[in-house]
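Quick heads-up: structures coming right below.
Next, two complexes with chain A in common: one pairs it with chain B, the other with chain C.
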Partner chain A sequence: MTSTVERETLDVDVLIVGGGPAGLSAALKLSQLQKRTGGEPLSIAVLEKARETGAHMMSGAVLDVSALKELVPDFLDRQAPLASEVHEDHIYFLTPGGKLRFPITPAPFRNHGNYIISLNRFVKWLSEQVEAEGIDIFSGFAGREVLYDGDRVIGVRTGDRGIDKHGQPRDNFEPGVDIHAKVTIFADGVRGNLTKELQRRFQLGAGREPQSFAIGIKELWEVPAGRIRPGTVIHTMGYPLNTEEFGGGFVYAMPDNRVFVGFVSGLDYVDPMFDPHVAFQRFKLHPLVRGIIEGGQMIRYGAKALPEGGWNTIPRPYLDGALIVGDAAGFMNSMRLKGIHLAMRSGMLAADAAFEAVNAGDASAARLKRYETLINASPIRKELYPVRNVHQAFGHGFVAGFLYAGIAMVTNGWWFDRMTGHAGQDRIQTIARYYTRRGRQVPEGATQAVKPDRQVTFDKLTNVHYSGTRHDEDQPVHLLVHTEVCESICGPEYNYPCQRFCPANVYEIVTEAVGNRLQINASNCVHCKTCDIMDPYQVITWVPPEGGGGPQYDGM
Partner chain B sequence: MKIAVCIKQVPTREWQPRLNDTKTWIRDQDASYEMNEPDAYALEEGLRLKEKHGGEVVVCSAGPARAAQVLREALARGADRAIHVEDEQIGAADAFVVTEALAAAMREEQFDLVLTGLQSDDQGFAQTGVILAERLGMPHATIIMEVQAADGRLRVKRELEGGWFQWIAMSLPAVLTIQSGINQLRYATLKGIMAAKKKEIRKVAAPAGLSARQRILKLDFPEKGKKTQMIAGGPEEAARELVRRLREEARAL
Partner chain C sequence: MILVIAEQKNGTLNRASWETIAIAQQMAGGQPVKVAIPGGAVGPVAQELAAAKVAEVVRIEHEALEPYTPDGFTLALSAVIGQLAPQYVLLPHTYQTRDFVPKLAARMGRALVTDCTAFRPEGGALAFARPMFQGKLVAQVVPEGDAPHFVTFQIGAARADAVVKGDAPAAVTTVPVTVARAAIRQQPEAPFQEAKQAVDLSQAERIVAVGRGIKSQENLELARKVAAAFGAELAASRPICDAGWLPMERQIGSSGQTVAPKLYVALGISGAIQHLVGMKGSRTIVAINKDAEAPIFEVADYGIAGDLFEIAPALIAELGK
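The block that comes next holds the complex of A and B.
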């Protein structure tokens, strides 16, 4: 059907897929380069799947302003929404009822000169800077497939709109648009659906370590006055995770008694009954956190996967006609828990390479390789290379990881050129292996499940309501699942882990007379991508729903 | 036909609102905003009438600076130009104030047809269209399910209670308040979004001396009363007791 419809087409010089920090920094940098050199203005288009820019943006977040300083030197005058400068850093190792404070704050955790931000607000502001340059940002348009000429990327087709849940066009059917570009910059975020396709087709990860991911779950709270000083940053390790699990919690305090509370769980856990949302609830119940938020009000909820693998897992980020930036490529420092500045810088460097390629009339991989050269000479490599093995070391357990992180820090990363890691989801064990054969009791629900009190802890469905998520109900399910695997293999072996790793109650097992059936509540989806990553049989594929759908992360 | 469509920017529905300190409105710093859905149907109807009969569609909104977002969205969908009566206080104002602000800017335009949504998703008074008609000196009809225009006259279908409809013939100019679901909303296209940038949004100051006719004394969330009654005893006995309570106490049977 879709091959015969007449499509709108648009030709631009540079197309940027994804309006996050990486994509918008690329757009802004392109227009700056253009101004500096003069000549014909470039046509630049930015695609963003959210209804408005920033709506799908969620991060901790503590911003290292190094890249922002270069991109928008007068960011303070332009009133960049930086909620609070960081005044205090605390790191704790949590035990079930207590805490050990680290006597010194290790350098990667020192946040002097950094700012606590709402990434949603920050990206909205960044998009205003981009639009002020006359660049078109098309929000509500998702990149659905990559367009090729042979093996050269020539642009992107956006998703069709107005398809009903049976796959039939409605009266208001609007076919996707083919946007052709000399250079396409993929900034489609962590586990981006288009970048994933490119990686497979062109083996961009060949010779690299497999990517590892984590999931971050966060709430915005308003707490009673006087609980925590604005500008305070708290990071925790230990409880509620055990030593085989990677992750930790954070509390960031902003003015007006607003606090971000969040928990990051590595998506390389072993226990098939582990649930990251439960870990987050447990974290909130710990006296350290509870003492801050109890009696307050939860305002928003969100969840997002993050690429934790580091330097050695970054795929080849250039190909004929295209570049990959930001989280899509994995530019994140899991040791410092920061990636926004790296995303921005990668976007800026990609802009540099794309600008040169467009002007030279040559967007071949050979020319766009300059992007990689620029990265290697930039603060990105300087920051990521020394800690390249940290996440992989944590794969050997908390103690090994912690020791390695310490050594890497002190020695600036001389040890091991490359430590091998595993794709995170490969570590999950079957019920038989993790429980039955070791004589362990399989828990009834998720491991350490918490009965929500609706004061401090919540169930997933309540949380989803606070994420502002909305999708047009009359559209095809955007989670493509080979459901035949669910009951025959995955259920018996792993006890339907999708119910637990999804933080938004999208996957629900309904017991019927004939057996168990997977029900997909697609309209709950907060676009975190965890299912696409974590499902043990890799039978879930996340594709973008109709443009404009998804969470509304105001203030997150 | 020169058509005006009045559009309000309202807080999104997929959100848990919180009250402000005086409990008279929601805390707007937490809110995200969108086009009032009934107004989106009014816009679509306006665009369809223009496509059929020619003319222009002018979208009008009274609200703070942020309301420009819904006007831009309407321009991207195909409206020709926009009028924004900009005033920071007008976001949560009553229909009396909103219509005075709108009418002052709209009067000189001499519209043939003015469309509004039936009601707003935030306050839901369903009064803006009605009071605006009075101020503009035009006849009006409400809860419109279908619009037929010919020879300077209208035939409109109104929704009544209990599955009944009413057809009304009226002359132009007129004001209609449009019921949601009357049509299927179109999407903004890329070309539409690009074209919208070049379209005019005329900013107008609100007339001086606007004063509210109504004041919200207090907002409350509906109380969630959990009144589960447990019925003891064996199945037969419990069933009998259940029927008794349903009949005598709940009066549901």
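The block that comes next holds the complex of A and C.
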């Protein structure tokens, strides 16, 4: 059917796929460059799969404003929504019932001059700055496939609308549009579906370390007055994770008794029964967190994967006709737990390179390589290079990682040019290896599962409700799964880990007379991408659902 | 004076109009309440509305108001509202209201508060309760600026049978309006229905809903019998419709229908919040579930913690007596 429909074509100079911090910064920077040089205005389009910009944005988040200061120097006058300046930093090592406070706050964790933000609100504001420049943001349109001319990227095709769940067109069928561009900037976020395709086709990761990911799960709470001072930033290590697991918790306090509570779990865990959502519940039950949130109300929930691998895992970010920016490329500092400023700066540098290429009438990889040169000369490298091995060091356990991180900090990262790592998701072990052969009892449910009390802890299904996620129900399932693997191999070997790593109850094993069947509750999906990363057989492919579907992260 | 804009389609009154009239009566505190009914020919509907204890029922009739268009309604209603000069204009928060009322309020330059569930006095004015974050928080909104203030009320915010009826029918008057066809920019097409909707659960007075506890498709027959015994429509929670045991149009909850019947019987439904938001406005909720800690019991008026396969036949037998 798709071959016979007539599609509209739109021609632009620069197409930006993804309206997050990286994509929008690229758009804004392009228009600034245009103004400075004058001449024929560039045509720029931004595609965003959310119904409105910012709705799929979720992060901690503490913002380092260095890139914002350069992009929008008068951001305070323009009322950028910065919830609170950071006043206090606390780091704790948690034990099951207690906490040890770090006597000093290590430099990477110092947040003086940074701001606690809702990334959803911040990106919405950024999109207003972009639209004020006359740039079109097509929200509600997802990039579905990359368009090529030979091996040159020439644009993106948006997803069809109005396809029913059997793949047949409905009355409201509208074919996707082909958007052709001289330069396409891929800003499709962590494990972006289009960037993933580019990486495979052009082996952009060759000679680099494999990417490692984590999943962040967060709730927005309204807590009783007086529990925590606005501007307080708390980070934790230790409990509920064990020393073979990477991750930690955070509590960020904003004005009006609103508090972000979240937990990041490395997707390089080895226990097949581990569930990141359970770790988050355990974290909330710890006296440190419970004392802040108990008696309050959870008002929002969300989850998102994040690229943790660092400098050595960033793929080649340029190719014929295209650039890759932000989380899609892995510009994140897992040591500082920050990536928004790097995403923004990578977008700005990509804009520089794209602008020059369009004006020169040459968008070849040879010319777009300038983007990489710019990154190498920028604060991005200055910040990421010294800590390039930290995440890989944590692959050897918490103690090794912690020691290495300390040494890297003190020595500015001279040690080891490159520490090799494995793709984090490959570390998960089978039930037999992790449990049976070691004489361990396989737990009934997830490891350390918590019975939700519906006050402080919740089940996934309840949480999903508070993500505001919504999809048109009558559309094909957007999680392409080779289900024949489920019962025959994955069940016996890993005991259906999709039920646990998905934070949104998308994957459900239904026991029927004929055996177990995987039920995919696709409309629960919060677009975190964890399944695409984490399933042991790499048989889950996340593709964008019909444009506009997904979470509504208001205030997250 | 408080003016309620009632809604009709092809001469049939939308029953949510009664709910809004009930709210207007509770808000009035001595002020007169009037009800306006716009449309092409609304005589019989106006007579029906006149049963309520209100000062007046106002027919706003014009051939250009049939079929409905947002331009036509905005032109006619802004003229009538300007003439009647009410303090508040109340509307049921229907699809049609959602379509034209923002335009109408903007045209008249007046405040609009949408999708409210209640009101309360607040420093000499009225504050309207507006759920946010899917009902987790409730904002109290006090409209400012010149009257009239437009307020729309969520379906189920009041009970239709709470309307105070008058001893004698209220006066029915007609306010002449002029609506130039040329000023209407929309060209309505025939109403579009994506699928044949065999049932409209939102209009059902009694609903029996089944969930996962029913275990198999064959057992649905039992649920059907319970529904028949109550004279109720059969509905379901999501897993049942996902499994294809019942059509999607019978699904209650955030991805299905929202209902507020007089009686809601939940058979083997645990009460995930996605289901609760679709039925918690029901007047009387009866829950039968074997897990006594299931969240459905938090909203149920009557709960039986037990095996539905024992209780349902007993219910049927008892109702048959």
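The definition used in the following text is that the second predicted complex is superposed on the first by the 556 of 556 C-alpha atoms of A that agree within 3 Å, B and C clash if a C-alpha of one lies under 4 Å from a C-alpha of the other, contacts with A are read in each partner's own complex, and residues count from 1 in each chain.
By definition in this document, a residue touches a chain if its C-beta (ideal position, glycine included) is under 8 Å from a C-beta of that chain, and two chains touch if they have at least 3 such contacts.
Please read all numbers here as calculations on a predicted model, not as lab measurements.
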{"item": "Overlay on chain A: chain C relative to chain B, clash or fit", "value": "clash"}
{"item": "Touching partner for A:R161 - first (chain B), second (chain C), both, neither", "value": "first"}
{"item": "First (chain B), second (chain C), both or neither touched by A:R454", "value": "second"}
{"item": "Which superposed partner A:K218 touches (first chain B, second chain C, both, neither)", "value": "neither"}
{"item": "Touching partner for A:Q297 - first (chain B), second (chain C), both, neither", "value": "both"}
{"item": "First, second, both or neither for A:R316, with chain B first and chain C second", "value": "neither"}
{"item": "More chain A residues in contact [chain B versus chain C]", "value": "B"}
{"item": "Chain B versus chain C as contact partner of A:E8, first or second or both or neither", "value": "first"}
{"item": "Which superposed partner A:F138 touches (first chain B, second chain C, both, neither)", "value": "first"}
{"item": "Touched partner set for A:S523, first chain B, second chain C, both or neither", "value": "second"}
{"item": "Which of chain B and chain C A:E473 touches, first, second, both or neither", "value": "second"}
{"item": "Region of chain C that runs into chain B when the structures are aligned on their shared chain, from 204-212, 240-248, 258-266 or 312-320", "value": "312-320"}
{"item": "Residues of chain A that lie at the interface with chain B and also at the interface with chain C", "value": "170-172, 297, 299-300, 465-466, 468, 470, 554"}
{"item": "Of chain B, residues touching chain A in the complex", "value": "12, 14-16, 18, 30-32, 34, 69, 184-191, 193-194, 197"}
{"item": "Chain B-touching residues of chain A, taken from the complex the two chains share", "value": "8, 10, 51-52, 55, 136, 138, 140-141, 158, 161-162, 170-172, 174, 177, 179, 297, 299-300, 465-466, 468-470, 552, 554-555"}
{"item": "Contact set on chain C toward chain A in their complex", "value": "133-134, 136-137, 192, 194, 242, 248, 254-255, 272-274, 277, 295"}
{"item": "Sites on chain A touched by chain C in the complex", "value": "170-172, 222, 297-300, 454, 461-462, 464-466, 468, 470, 473-474, 519, 521, 523, 554"}
